[in-house]
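Just so it is clear, A, B, C and D label the chains in written order, and each chain counts residues from 1 on its own.
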Amino acid sequence: MQGMIHEECGVFGIWQETDSDLARLVYHGLTALQHRGQEAAGIAVNSDRIIRYHKGLGLVHEVFDDAELDKLGKGNIAVGHVRYSTSGSNSVMNSQPMVVKHVKGQLALCHNGNLTNSYELRRSLELSGCIFQTTSDTEVISYLITRNRLTTPSIEAAVGRTMDELKGAYSLVMTSPAKLIGCRDPYGLRPLCMGKTDEGAYVLASESCALDAVGAVLIRELEPGEIVIIDKDGVRSIKDHCAKKPHSLCVFEYIYFARPDSVIEGVSVHEARRRAGAFLAEEHPCDADMVMGVPDSGIDAAMGYAEATGIPYGMGLVKNKYIGRTFIAPDQDSRNKLVRLKLNTIDSAIKGKRIVLIDDSIVRGTTSARIVKLIRQAGAKEVHMRISAPPFLFPCYYGTDVDSKNSLIANGHSIEDIAKMIDVDSLGFLSVENALRLAGDNAEVCAACFNGDYPAGAPQVAEKERFE
Amino acid sequence: MQGMIHEECGVFGIWQETDSDLARLVYHGLTALQHRGQEAAGIAVNSDRIIRYHKGLGLVHEVFDDAELDKLGKGNIAVGHVRYSTSGSNSVMNSQPMVVKHVKGQLALCHNGNLTNSYELRRSLELSGCIFQTTSDTEVISYLITRNRLTTPSIEAAVGRTMDELKGAYSLVMTSPAKLIGCRDPYGLRPLCMGKTDEGAYVLASESCALDAVGAVLIRELEPGEIVIIDKDGVRSIKDHCAKKPHSLCVFEYIYFARPDSVIEGVSVHEARRRAGAFLAEEHPCDADMVMGVPDSGIDAAMGYAEATGIPYGMGLVKNKYIGRTFIAPDQDSRNKLVRLKLNTIDSAIKGKRIVLIDDSIVRGTTSARIVKLIRQAGAKEVHMRISAPPFLFPCYYGTDVDSKNSLIANGHSIEDIAKMIDVDSLGFLSVENALRLAGDNAEVCAACFNGDYPAGAPQVAEKERFE
Amino acid sequence: MQGMIHEECGVFGIWQETDSDLARLVYHGLTALQHRGQEAAGIAVNSDRIIRYHKGLGLVHEVFDDAELDKLGKGNIAVGHVRYSTSGSNSVMNSQPMVVKHVKGQLALCHNGNLTNSYELRRSLELSGCIFQTTSDTEVISYLITRNRLTTPSIEAAVGRTMDELKGAYSLVMTSPAKLIGCRDPYGLRPLCMGKTDEGAYVLASESCALDAVGAVLIRELEPGEIVIIDKDGVRSIKDHCAKKPHSLCVFEYIYFARPDSVIEGVSVHEARRRAGAFLAEEHPCDADMVMGVPDSGIDAAMGYAEATGIPYGMGLVKNKYIGRTFIAPDQDSRNKLVRLKLNTIDSAIKGKRIVLIDDSIVRGTTSARIVKLIRQAGAKEVHMRISAPPFLFPCYYGTDVDSKNSLIANGHSIEDIAKMIDVDSLGFLSVENALRLAGDNAEVCAACFNGDYPAGAPQVAEKERFE
Amino acid sequence: MQGMIHEECGVFGIWQETDSDLARLVYHGLTALQHRGQEAAGIAVNSDRIIRYHKGLGLVHEVFDDAELDKLGKGNIAVGHVRYSTSGSNSVMNSQPMVVKHVKGQLALCHNGNLTNSYELRRSLELSGCIFQTTSDTEVISYLITRNRLTTPSIEAAVGRTMDELKGAYSLVMTSPAKLIGCRDPYGLRPLCMGKTDEGAYVLASESCALDAVGAVLIRELEPGEIVIIDKDGVRSIKDHCAKKPHSLCVFEYIYFARPDSVIEGVSVHEARRRAGAFLAEEHPCDADMVMGVPDSGIDAAMGYAEATGIPYGMGLVKNKYIGRTFIAPDQDSRNKLVRLKLNTIDSAIKGKRIVLIDDSIVRGTTSARIVKLIRQAGAKEVHMRISAPPFLFPCYYGTDVDSKNSLIANGHSIEDIAKMIDVDSLGFLSVENALRLAGDNAEVCAACFNGDYPAGAPQVAEKERFE
């Protein structure tokens, strides 16, 4: 898959006993989570109840340099965020952490996910006199937490009460004046884990690879609906405020979003992808000479497919890692010549072979068709495509941008049609049944984009129409 | 005076019948108001109830280029702001216009001034569930207007009710979904005027020089306490909602802040400064060979003093206009050699003469002492200093940053002491009595920084201690 | 005059006994010379025969920050340059100092002026195997000096021999491995002076204001044709290598280029400009109520005119100092409304008066016409224009960009015609005779742009046609 | 290998019949060659004998945007360059193409390689009056070609004569006023190939992947010592001017420098790397459970090793592709915690296994030791390291920066010592004998860095000492 589907955020938080240079640790943690969002980054550092922050558009290393990190100063709690945002002139305003001042002091909040009732919540808040400076759910959540704080004895109680009002997907990491707090929605749609360093600092992060990056060891995932509070009294957990819900981690974390070196809910992402390849081998076997993956996201599944079938694994495509984000288009005439800029074939590896090509999705089909054409030009005798996920049939309301428009090809066409459109000799998608088993036979996951089964419900109206 | 006292803002707004490239007109209007604030700039354009905006740190021409102006698009209402802000990592957040979404749509608000009860207002708003993302008064005013809008029939009614709650100095320019609105506080502490172009566009601006810049003709000042509403039904005015208060325009607008080509309350700023020079001549005459001003702000008063006394006016100091804002300091040893970087003398004009030197203030005295030394080195026989304002004795709470700490020299020392400290042969300040007459014998002005008479009251606690 | 005529460079050099932070001194010296060129800046520092340098496009404070100055390190000789350059994609290559490595070590060269035989010199050098990476005269001079060095016993001898080959205008400042060297062309067309600091550092600079800026005291101008060598053995001078030529300093240095606080050839620039005003008063008296100058360059002459005639001097025009270099144009319709952006009138000072308006040149007439219109709109009863220079009739070949195309208005029209075109009641230019007396009755100056008398000859073919 | 050894350049040139937007084609070609140099980039476009160019520091997409490409305009010949340069304040000057004006017009020259006699050539040129503005060999070559042009009938004859004077490694691409010319040194140390597009444009490039990127098909490599001239008369070749030399392509192109999808001298780089893995399997077999490569450069050889031994190939290390070039270091205390930022392990893939780890070099050993430690922490039972190249024992004088200082570990220590230092259970390097066979049994390659056999000689003195 060539960058068509996007996770919307990565969150990170750290607490330790005494003030130190936490900004740099958050910087490194966010760099490890950069694949979850490349459009904006931000860090907030809490030093004795005073929160300093900086955020901006771009990659973590573009937004922060040594001078900016120095300005954030030392602290004993810090949070950070990377964001994939829709474009817009004011998107800095929408970047996170959102830092607000309320009656009890400051709050810096980071959010990964998407609410399904944010329209209703905003409307209700506006009617009670709230004003919104951004279009993000994070501002809605900030209002709710701080308002609930007025009538609850603690910030964690306010978070708990807020969770009763929120619908949809969210993993939150925040710093109140004295506490680092994390929570997951009752369905656990977005991941959030906790780790600890040798020195006793506690870390919250979207993925375990960010714990590794700062030298922390994974303790455990937060449970669905759980609130974790970390302060000088240690780590406490609140779980009983949400009714027990079926665990529903987004299966696409395993298929595409997460880094292969992360472990989510006890399952290695790399292994889950190899398992996808093995399932595919079982469902859609093939008589072929070489299995290859579309880099980078098809590689693991290709290895699993090769291992399961005994067909040799090989490398036939090379990705240019220096393509800038603002791609400069050649003049119209030569554009069709320039397909090999981002991806090129290793002809000697492909020539004369029957190829099994593994990718993790087909969104609109155009990219797949272009890759297949390259492989045929390189001399492949046959091209058999295998997709390590089921076809997208339903929009995602929980924080990814797979929406109904993009899922066109699978919605309007049969597998056979698609195979013809992208010119492959055979085509196979992973079954929904096996997708549900990627994280283990008893795993509970959300696969709404494949099966339309929305554990946390769907919004009553399309949000983008209302807000933007 | 060498940049020690700062006005905090300039505001600008424009309405016309149909959509056009208003962003560029605001750009030019703000450039004309740039002297009122050089730290941040912003423009918001309203096209059929959708408000787009851009703001950033720096001069107007640094924040905006053609691409940014194009992105703002066309519209029929637009507002803009230039700001002098205290430094801080998050000062983009504090820049204006503040654009918020509330239950009735969007609002873009620009503010010049300073509230004296903002601590109380923020506290009260927080207790009713408001959260603050900035430390500016503008956010407080935004909350009040939008909350009052919930219970009033119109935006102008909400502005009126809000004015009953605000204490201190403010001139506001804002765009609601369908209206351009401007208002001044009941004392008229900060200026705000209205003009009209040949094509029928209405313009609101802090000073008339910004009307000139966009080809508009000055109609009149807004009256203290007045609200002006401009929309497709024309211009309406609301005046009766505020109890009648003594008019109290900040006298320092005439002495230093405003551009000499502006006309405020019917009085030319240039003429007011010449008058200051003439008053000085009367109060503190002098037997001398040449009158000269410290550029740029002492020039006009120097001409008035020369004219009144008959002593020839001359030019003895030249300012380097290319000094960057981030001044690079030479190494310690040679620093005392480098006094002539910003200001240099024309020795031939000074040599052997008895000089009357006019400046508009003495804040800490160090700058004045340095200038006097330069003039003596150039061969002046005598140096007589005349200040076109009274000594600062009281802090300003109405939107300038003359605070008690900086007024040290006048507070702790007699005129004779100061004269010795800055090494002049004689020293004279404008009397408070004449300062009150700068804009005409019957003008009503605020001169609180000189006489401690605060027309709109003083804050109950020092704000900076609480918020920053 | 509104920025139509440009000086092409400012040069600066410093030598002292031991290594120190000379880069910052050059930085400040160049800032004082910034009015001579705003397009590029560069500094080279020589530390024990190793020359480090940095140059770039923009103002001195844009090209250099503390980090760049630190990188240049300490040294005991340093040179710097500010440049007004014609635009072009490769203009960084053309910026100075030009630093070259030759058989005797490194040379960093700064040049102010323009050669009249550079085409012939380049052609000849190319035929002997030279290659050119820039289009600047500086590269030509670098080749000549280093080639002459091969057959002469010292760098100063090589400079002397090179001066025999160069035709036209040049003031050079350079550092060889061990010496700071400065020289002026045999006619002294471009200025160059020498000063000394209390600590014993010697300074060379285009104007004395740059000496002031670094705490040096003016010793004297370099004489036409003189070479000055400064090294550990002190200051030496070579004068006998050039045949005696009439001294011909560019008179426009007095009229426009130089800073008013500079003293050139013993004459204060400010005083020369006042004298221009006095001459004008004598040649073109006027019955009027107020004399005013077009800021900034007409101010001094206006004061001289006022003093000589007894007509009061006044201020009627204010310049906006915040206009960015990249002016953003309004849309076509409103452009004619926007004349008051850069220059605005003080109406109260002008209204009902007969005005004498002083400027230092009329190039194409459009700017003058626009200013006159403003003054009439402000209510002037009459406008009498006086120009503190004669009409431009001839191109300059010596380093300014007054060329034949721009001098159109004076070439093709009578004074009466021009007066009608710019809509003034009367118009008077300074006579060439008096222009020649600006620096004193016996001053020897070049006034070729006014009288066509080229002391150093003219090029045989127009250069721009050949090189660009 | 973690970025310790650097190729110094990539070159690209294109000719076609008529003017078109060649700048964008060069842009894309250079992007495909970006792995050969990331420090600077430049493009020169020749339109009817006028050459426009732009160059700067950074990646191709950082140096060029649409506006810069537009400024270059259309042309029928264009050349470009990417450079790995040593740091230095003036490195823009050293970037390429070098564009010079000489007696026959303009020349834009791009160079990949390193001369061994540049000191002697520079000295000799200086003695005949040349000056050097850069420290690059390219300026030396420019002088020689243009000087030889004075006495030869054509540019190609001048290039031929210049090749007789140059010693060392070079592949050149240049545009004269009317011709695109490419040549390789007589030993063919650096690669250079030629391709053609469907439309009849000819392309020269360091690697075939750049031909693919612009839609050209590989025709052939240039032969060692060959000059190719492309103009309106077609393609001509000059080969007879250099005495026949043994072909000596740098073997490190196969091992590390080139992209795996390139084909050099008829051999796929990917296949050569797999062959290295197969040779290693033969020379240093191992009893293990999984073969894995250090990304990215050890991957291909790992696949070859796995295939040859039958040990399963696996993925145990993940590289973070978002690490910025300016790495922000954590504070001292936590640095040792942060080894997993750039490279992290997939523990589930490694745990309990005996691992064969393939990398392409060990330079100083510190990086290898760190990676081995990670793999042990991930639970590997044994770690057996295999290096797909022989140990570096000799400096490279032909355009890479493997110098004697960096080769410390292999020079001073036995294989056993190194194995202990990096804590592996066994360690094996590829034999020199097999390294020579990577491109085929009869391939002729330079392996001087491994065997000290310098086909084109060594410099008489270390250059860096002399010039920098």
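Here is the rule we go by: a contact is a pair of C-beta atoms (placed from the backbone, for glycine too) under 8 Å apart; a residue touches a chain by one contact, two chains touch by 3 or more.
This one's a predicted model, so the numbers in the text were calculated from it and none came from an experiment.
Participant: How many links in the shortest chain of touching chains run from subunit B to subunit D?
Facilitator: Tracing touching chains, the least step count from subunit B to subunit D comes to 2.
Participant: Using each chain's Cα centroid, which is most distant from the centroid of subunit C?
Facilitator: When every chain centre is compared against subunit C, the largest gap points to A.
Participant: Hey, how far is the Cα centre of subunit A from the one of subunit D, in Å?
Facilitator: Computed from C-alpha means, the inter-chain centre distance equals 36 Å.
Participant: Whole-Å distance, subunit C centre to subunit D centre, using C-alpha means?
Facilitator: From the centre of subunit C to the centre of subunit D is 48 Å.
Participant: For subunit A and subunit C, what's the span in angstrom between their mean Cα positions?
Facilitator: Using C-alpha averages as centres, the distance is 60 Å.
Participant: Tell me, which residues of subunit A touch at least two other chains?
Facilitator: Within subunit A, no residue touches at least two other chains.
Participant: If I apply the definition of touch given earlier, which pairs of chains qualify?
Facilitator: Between chains, contact exists in these pairs: A-B, A-D, B-C, C-D.
Participant: Mind pulling up the subunit C residues that touch subunit B in the complex?
Facilitator: Per the stated touch rule, the residues are 20-21, 24-25, 27-28, 31-32, 34-35, 38, 59-62, 64-66, 69, 197-198, 209, 212-215, 259-261, 263, 268, 270-271, 299-300, 303, 307, 312-315, 318, 320-326, 328-331, 334, 336-338, 340-341, 344-349.
Participant: Given the complex with subunit D, which residues does subunit C contribute to the contact?
Facilitator: Touching subunit D from subunit C are residues 52-54, 68, 71-72, 89-90, 92, 98-103, 107, 123, 126-133, 135, 142-143, 146-147, 150.
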